[in-house]
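Paired with chain B in one complex and with chain C in the other, chain A is shared by the two complexes that follow.
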Partner chain A sequence: MAESAHHSSDMWVFPRSAEVTEFVTRKTFTRPGPVTLAMALTGVLLVLGIIGFVMKAAQHGFDDHTPWGYYAAMFSFVFMVTSTGPLAAAAFRITKSHWRRPLSRVSEIFGILGIFNILLFIPLAIVLPTLNNPDVGHHELALRRSIWFEGPIGSPLWWDLFGVIFVGINALALLWLSAVPDMAEAYEKATGFRRSLYGMLAGFWKGTKRQWLIHKAGMALLGAWYFMLLIFVHFIISSDYGQSMIPGWKDAIFPVVYSLSGFQSALGLILIIMFILRRFGGYQEYIGISPFWSASKLLLAFSLLWCYHMFSFGITYWYGRTELEQNVLKYLLFGSYGGVFAGNFFFSFVMPFLVLLWNPVRKSDWGPALAGASALIGAFLFNIRIFVGSFNAGNVYGEFITEVPPPVYPGLSDILIVIGGIGGAAFIYLLATRIIPIISLWEIKEGLLYQKVDTFIRGRYLVLAKPE
Partner chain B sequence: MAVRPILGLFEDANYAAEAGDALKEANIPEEDYDFLTDAPYPEGAFGEREERHRLYVFPLVGALIGLTIGILMTSMTQMAYPMVQGGKPIMSLPPMAVVTYESTMLTAIVFTIIGIVFESRLPKTKQGLYDTRITEGYIGVLVNVEEDELQRVYNILTQAGAVDIVRDQ
Partner chain C sequence: MQEGRVLPARQINRDLLGSILYSPRWFWGAVAVLGLIVMGGFAAAGLMINQGMGVTGLNRPVMWGFFIVNFVFWIGISHAGVMLSAILRLSKAEWRRPATRAAEVLTVFSLMTAMLMPLIHTGRPWRLVYWIYTIPFIPYDFARGIWPNIRSPLVWDPSAVYTYLTSSILFVLVALIPDLAVLRDRTTGLPHKIYTVLAMGWQGNPRQWKLQIIAGVLLSALILPVFVSVHSIVSWDFGMAIAVKPWHSTIFAPYFVVGAVHSGVSAVAFVMIILRWIYGWQDYIRHEHIDALGRLLIVVATGWFYFFVMEVIFGFYGREADEIAFRDFQINQPPWNLWFIFFVGLTYFLPVAMWLASSWRRNLWLMSIACISVNIGMWLERFLIIIPALAEKQLFTFTWYTYAPSAVEITIVAATFALVSMLMLLFARVLPLIPLYDVKEGDILKTEIQIGRRTVPATFRED
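Moving on to the complex of A and B:
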């Protein structure tokens, strides 16, 4: 382990290469008590969510979108965080940063939730009002404003659905490709269902030079596609289910804030999971302080960017002062959802900023995780504010929002739906960690080839090799 | 005569590279041997041949197909249902761009996945010759040779420092 005057001894960790496979697969195959308890708890929440969904459907049906605001907020929160999760692995791998290695698989496993997101999206696809106004009245538009203009074939429903489906497929493909070498290694030690699954998914991978070459190129390509597709899908989902549901709201900054909230909250959740793995999961030898330190700087940057974009949105509308702009501000920022916005601002910016401002805190495992938890709460409040607001903003075919609607508080079914959706996502993630190694074996071993701590003059420093 | 595999296991990557050099000197064609590792070593680390692949062609073809579909779908829809919106021309680019971008991405992703499966030659129905010690960091040098060459290759691998040699049963 590295020791110097500047860094703690566990800043960089170097597990023994020969023991990595044995250790991590053993951990994957066991199910400790706290994990079992967490799975049981989240499983119960998922069941409660299903009950809430049935109650809501029985009570309101799918003809009117307005009762589904909390469902939309829950979907958006789960989708925003879990769809952005795999991006961390893809982006840091493309930039060839070594510190990302323990973090990669934690981030990629979110790909499994692509299937969950598709299922969650189906009711929303049904309740979304059509672009064409079925009954044009006074001061109403024949075609409501949206990013689809005159509404090319299948829009917005099918293109939104295809977007969510392909984000899921791309994330699953990334996870599969990354995990193929690890599943091939774990195959030798697995029995029963796991052995059959690994055999099928790894397809007798052997680790030839050609396979590694395609593996690397494939992950670079899928990572690049994922980034390009995800930002686009964030754009269409936030526009179709957020902006275009509030008559007259036109804001180029909003989709950017949506994606930024996704980056911030996903990185935050990854840091929380890493903290739990390091402190309570027995992975101290695999997860040093370095990934927390490096990722915390990005988290700080995302928090600052979030604040900047929110200010840009606010100042433009505040300065514009048209009736529409004033109503949007009163509705989403200072009036109806003013309290939620205050919480959103505090947790998305103030708290992460105050926590991550200090270098000693950034150089800990708890500090970035704490800021991450705050960002996650902020993102949740952001989605409540935007999507409950959007689904209850009045006539979607109106020219613009002429009065400020009151806030909508959750009923029992809404509460069950929200906790069930979040609990369901956690349940599926936990289940996936029992099948797919949470630490990328090949990536850790590759890192060990290129990193060591060596002496330079009087100090001990990390020496990195850059093969490319 | 049948081609048979033989696998030399090396604890030290340098010895595995030396085995590769020795095989080359013994006129064993480069296509007939491979290095098996548990992590991606840098290209050329073992002095091995340069691998060529066509993975990048797949997404390119996929993207072109998606782009064509997107342009055709949007332009034909707009021509079939000519609705003037906000004084914009019938064939306006912004709405076409949204759909075309998505269709391009979707087909590029599908073709990339097909390309990965095809180019990495996965899945295989049988594992073939392998040793689990490779997962512990050993380097495997897998050679496929005619049966009467097996002993010669065995000797080359042993002389290069193989800690064990595994043959097909």
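Moving on to the complex of A and C:
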């Protein structure tokens, strides 16, 4: 533990380098009671979700997209959060933020959910209406508005599917690459399935200088590529399943708001997991307050940016005053989904802002986690508002939204689908933490070389090495 | 990182106050040349006021031309100050130290220059006085019993820009106080008296330092919303005009802000290279600083490009006739299509390609070219947003027209560049363009860490 003139003693933590592997692998290989309970609970939720899905499919089939609004919202929420998760590790590594080290693996493990996302996406790919209107009626478009315009081959279905698949594969690659040195190190201590898995995935790793250089360059390149790919896929998913389903809604800022919601909610969930690990998981020696403090500033920035972008959309539409703009505002913001929007606004902006405004709160583990939980709820409501709204906005081939449709409330199958999707994601994440160390061994050890607490005049301060 | 050596405080004072205490021989010559260009600009503006707006290329329907393009451009440049100073100060980026002052000062001067543009564009600048005051302290509208339309850009823009200008000046002044005290102690006569007043009794005691640091951090945090609001409001001058379809886009505000940061940071990087060259500040503005700015610019440029792509895609998305006509005009019709290619190439592809290589980022000539390229591109961007949209504003083709700037407009716009350069030079003559105390503080915080057999440069964190 380190003390400083300005901070509490657990601001920065310096575990003993020699004990890191032993401690973290022991934690990974054992399964404490609460984790078993959580896995059982989330497993049950997943089963309920499957039941809900079967009910929905049996009741409505896949010919009409409108009954699948809550499914789309659930998919988008899970995808938004879990696909953005790995970005935190990649981005903070590129910016060489030392405080990132304890949260890197927490965020990278979300990559395992890439497969889950692909599976969740398949029914949505089936229900998405084609671009060409099969039966052009009065005041209808022969080709509905979409980001694909005249519709290149396979659009939007195959492009969206490939997008989700590529994001999933890339996230998995990022996780594997980052975990290779840790798996190689844990190989000696592992037995049974874990040992053979580590041998298969990381058996080639010897830790030579050349391997480390390739590892480092690979992480940077893959991280940068993942960032661009993810933004693109956020753009196509939010446009194809959100915006283009509401006739006439033309909003260039919407994909940006979608990505921002993703950044905010993913960081929020990472902070919640870090809080749980620190408070209840026995990782106090590995997770100091510093990552909470630094990440909370970013969370505050994302909350402000979310509000700014929503305001930019709102004021432009409000000022425009065309019938279409008024109808979109009434539908998504103030009328049909007004209550959901109020909740969305409160949890995505008001609460995180009020919580994170205070430095003493930012300098705690509970404050950022609380704001993160709020951001997560906000993102959930955002997805309900947008995707349930867009799937039930009426004729997708219409020129404009001429009437404001009423809100659609969830049925039993919808509720089961939503809790099942979220529970399933949590189940898979928990399962992954039993195999891959949730604390990045090599990054923590690297950090111990680069950081120390030293005396400066009369106080004790953190010293950060700048090797590059 | 941390390539520079730790310099003694005495040498830092001597080097960085050199531009004030010992004027270089070329200084007044350069000021005179720039002053002549500025005078030329004022003469052109005088001619325009005397002869009327007919001497410009403005016409119906293109009623906004070079002046408004230039207004948006200089507002954009002003964003460098806050981006570099406030954000990097809050994020404790060590490499910010030599860049902050120049960025803040550039903000102030570019804002002042920007506000000249609408004034000149009115054609009858004195009417602004009527708009604000008829008789002392009585606002015009109040005197006549009418109230300004708060939805008008004429209310939005001055409110936002003057708030930003006031806070930027405050920001510069607070950061200047310790350096003003150094100047106070090294001058005699009238300059000594002026610096004494400006230094406000600074003694450098712990309480004063604490207050100065708190004020800096608070101002940094407070100025950020102002910085974002200014260009957002400028963008809404366009975005709220539903009569011009291509402007009525929800993304305009962040798109303008990111674009402004892009051009502003590029401008600061270029100014720093120039300062290093003309004043010989190689020990202070080092390759590592320019390199860091280059890396930052890759991120900013890519962010800008994303917003640009969104703006264009959703321009086509609606498939509305007037929007398509505008895009066709902007992207397909010569010579606009050529300008469009230049704009995208100069703003993104050329500079980013150059910044990707570390050796190119560290080459000051190439870095200068990249930064100038960005600013030419960003100027063209504003031109291509404003002119083609107005030229084909209406659905009826017989109302379409085009625009060519006149010599008067070109002279006035050229004079604004000379004006900002001249003001920067004059500022460097009286106040330090690199903050002395910030550089000294950075040196004090430098240390080293032993990793195996290597000694690695390190820094004490300020918090």
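By our rule, the second predicted complex is superposed on the first by the 468 of 468 C-alpha atoms of A that agree within 3 Å, B and C clash if a C-alpha of one lies under 4 Å from a C-alpha of the other, contacts with A are read in each partner's own complex, and residues count from 1 in each chain.
The rule we apply is simple: a contact is a pair of C-beta atoms (placed from the backbone, for glycine too) under 8 Å apart; a residue touches a chain by one contact, two chains touch by 3 or more.
Owing to the predicted nature of the structure, the values given are computational and were not obtained by experimental measurement.
*Asks:* With both complexes overlaid on chain A, does A:Lys445 touch chain B (first), chain C (second), both or neither?
*Replies:* The first partner, chain B, only.
*Asks:* In the overlay, answer first, second, both or neither for which of chain B and chain C A:Val180 touches.
*Replies:* first
*Asks:* Scan A:Ile315 for contacts with chain B and chain C and give back first, second, both or neither.
*Replies:* Second partner only, chain C.
*Asks:* Identify the partner contact of A:Phe166: answer first if only chain B is touched, second if only chain C is, both if each is, neither if none is.
*Replies:* So A:Phe166 only meets chain B here.
*Asks:* Answer with first, second, both or neither: which of chain B and chain C does A:Pro467 touch in the superposed model?
*Replies:* both
*Asks:* Is it chain B or chain C that touches the larger share of residues in chain A?
*Replies:* B
*Asks:* Does chain B (first) or chain C (second) touch A:Ile147, or do both, or does neither?
*Replies:* both
*Asks:* Would you check which partner chain A:Ile231 touches, where first means chain B only, second means chain C only, and both and neither mean what they say?
*Replies:* Touch status of A:Ile231: second partner only.
*Asks:* Should A:Val256 be classified as contacting the first partner (chain B), the second (chain C), both, or neither?
*Replies:* Second partner only.
*Asks:* With both complexes overlaid on chain A, does A:Lys216 touch chain B (first), chain C (second), both or neither?
*Replies:* In the superposition, A:Lys216 touches chain B alone.
*Asks:* Looking at chain A, which of its residues have contacts with both chain B and chain C?
*Replies:* Dual-contact residues (chain A): 147, 149, 449, 467-468.
*Asks:* Going by the contact rule at the top, pick out the chain A residues touching chain B in the complex.
*Replies:* 17-18, 21-22, 143, 147-150, 152-153, 155, 159, 162-163, 166, 169-170, 173, 177, 180-181, 185, 188, 200, 202-218, 221-222, 225, 228-229, 232, 236, 441-443, 445-446, 448-449, 467-468
*Asks:* Using the touch rule from the top, collect the residues of chain A that touch chain C in their complex.
*Replies:* Chain A reaches chain C through residues 6-7, 145-147, 149, 231, 235, 248, 250-256, 297, 308-309, 312-313, 315-317, 319-322, 449-450, 452, 454, 456, 461-468.
*Asks:* Over in the complex, which chain C residues touch chain A? Could you list them?
*Replies:* That would be residues 1-2, 90, 94, 151, 228, 232, 236, 239-240, 242, 248-254, 306-307, 310-311, 313-319, 445, 447, 449, 451, 456-461, 463 of chain C.
*Asks:* Which bits of chain B are touching chain A when the two form their complex?
*Replies:* 34-43, 46, 48, 51, 53, 55-56, 59, 73-74, 77-78, 83, 85, 88, 92, 94-96, 98-99, 101-102, 105-106, 108-110, 112-113, 115-116, 119-128, 130, 132, 134-137, 140, 142
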